[in-house]
Amino acid sequence: MIKVLFFGPVVERIGKNALEVGYRDDMTLQELRDELALHYPLAFEIVCFFAVNGQHVRDLALPLADNSEVTFMAKFSGG
Amino acid sequence: MIKVLFFGPVVERIGKNALEVGYRDDMTLQELRDELALHYPLAFEIVCFFAVNGQHVRDLALPLADNSEVTFMAKFSGG
Amino acid sequence: MKDAVRIQSDDFSQDEEILALKASSRRMGGIATFVGCARDFSEGRDVAEISFDAYGSMAVSEMKQLRSDAIAKFGLLDARIVHRICTVTAGDNIVFIAAGAEHRVAALEACRWMIDELKLRVPIWKKEVTPQGEAWVVPHP
Amino acid sequence: MKDAVRIQSDDFSQDEEILALKASSRRMGGIATFVGCARDFSEGRDVAEISFDAYGSMAVSEMKQLRSDAIAKFGLLDARIVHRICTVTAGDNIVFIAAGAEHRVAALEACRWMIDELKLRVPIWKKEVTPQGEAWVVPHP
């Protein structure tokens, strides 16, 4: 199982702040992103940062481990 | 009469923090400086800023008015 | 003493933060700080209040990393970063950055770098409440 | 409220200064400050204490001019400058600069410009007391 988290402007477009996606062998961040973007196109319009287990990830080819925490984030506006 | 003030490192080299110089018609800042530098050469080695009545003066050709307050200052080191 | 990097709801005291920063070294000659605060007007609209959402655990770890990076990059003696997550109104403090170094140039450059980087790296989002409704802030490039 | 530009013997409070700065506008989004403080070591020597001499009346008028120049040059909402003239030991505050603006870039740039200019324009001199004796500080170019 992959735990997916959303925050701020993305939550608003998805309608919830978390969901779970079944884990598949050799699953990449890109695949997870594409699958979710199909269901939530408006939310993914503003997604531009990715984190796995609380770490920034730039390479979407990253393979995901089971039980990862994945976050799709809009541009930050803190500070 | 021209009142001449000294501060900090210049006081140390002159031995006092103020003195008075008789006013002469058409006296310039340059003339006053040269006259004092003759008596206090060590102090004037470190003088690099001039003020008349509390205003920075860059042009030594400035004519002095009677009763002016003139200050010969070393490089600042505040802050 | 409070942690050098924190996310909190309460306001912070600059005096307290500077005292904590100074405690790290008697060689500190320059301290630069930045405080970001809430404005009553933004992008042509009145703003009644601002609220925040954050990916808390990641935000704190990114802020800690940012502090270490700044200390290494600018040779700082110490640095502190505090971000409030709560609802604020005009004039309220939002974020505090402090950089302490032997000399002023390092402190001033590090302070500016830290607030710029914080905005790029730290997962926090700001929502403005205006008379026309609520809107998440879209940062400019 | 205390004057925005002061020379004083007593220490200052950053909290109090920032509060006074903020009082000038509810549009202030960024506040940059610089605090210069006494170090226990300088140019390879231990420093027991630092004392100051100032051309007081000219120093205050130059600091006031510097504040006005910064407000005009960077479009600040407000600025404050406080310099202590007294005897200080390691860790003690010497100078405080604050710049408040709508956005952070103006505040950060103005703060840096003000401390740089203060050192060039304001007639104040620093004397360090070391175990080897006293010496007036010679600023580097």
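Note that the chains take the letters A, B, C and D in the order they are written out, and that residue 1 is the start of every chain.
Definition applied: a residue touches a chain if its C-beta (ideal position, glycine included) is under 8 Å from a C-beta of that chain, and two chains touch if they have at least 3 such contacts.
Please read all numbers here as calculations on a predicted model, not as lab measurements.
J.: On a CA-centroid basis, which chain has its centre farthest from chain D's?
T.: Result for the farthest chain: A.
J.: Counting in whole Å, what is the centre-to-centre distance of chain B and chain D, each centre being its mean C-alpha position?
T.: 26
J.: Could you put a whole-Å number on the gap between the CA centroids of chain B and chain C?
T.: 48
J.: Residues of chain A that contact two or more other chains, please.
T.: none
J.: Check each residue of chain D and list the ones that touch at least two other chains.
T.: 36, 115
J.: Where do chains touch, given as pairs?
T.: A-C, B-D, C-D
J.: Where on chain A does chain C make contact in their complex?
T.: 5, 7-9, 11-12, 49, 51, 54-56, 71, 73-79
J.: Name, in rising order, each residue of chain C that touches chain A in their complex.
T.: Per the touch definition, chain C meets chain A at residues 36, 52-55, 57-59, 61-62, 83, 94-95, 115, 118-127, 136-139.
J.: Okay, in this complex, where on chain C does chain D touch?
T.: 13-15, 18, 22, 26-41, 90-91, 102, 104, 107-108, 111-112, 115
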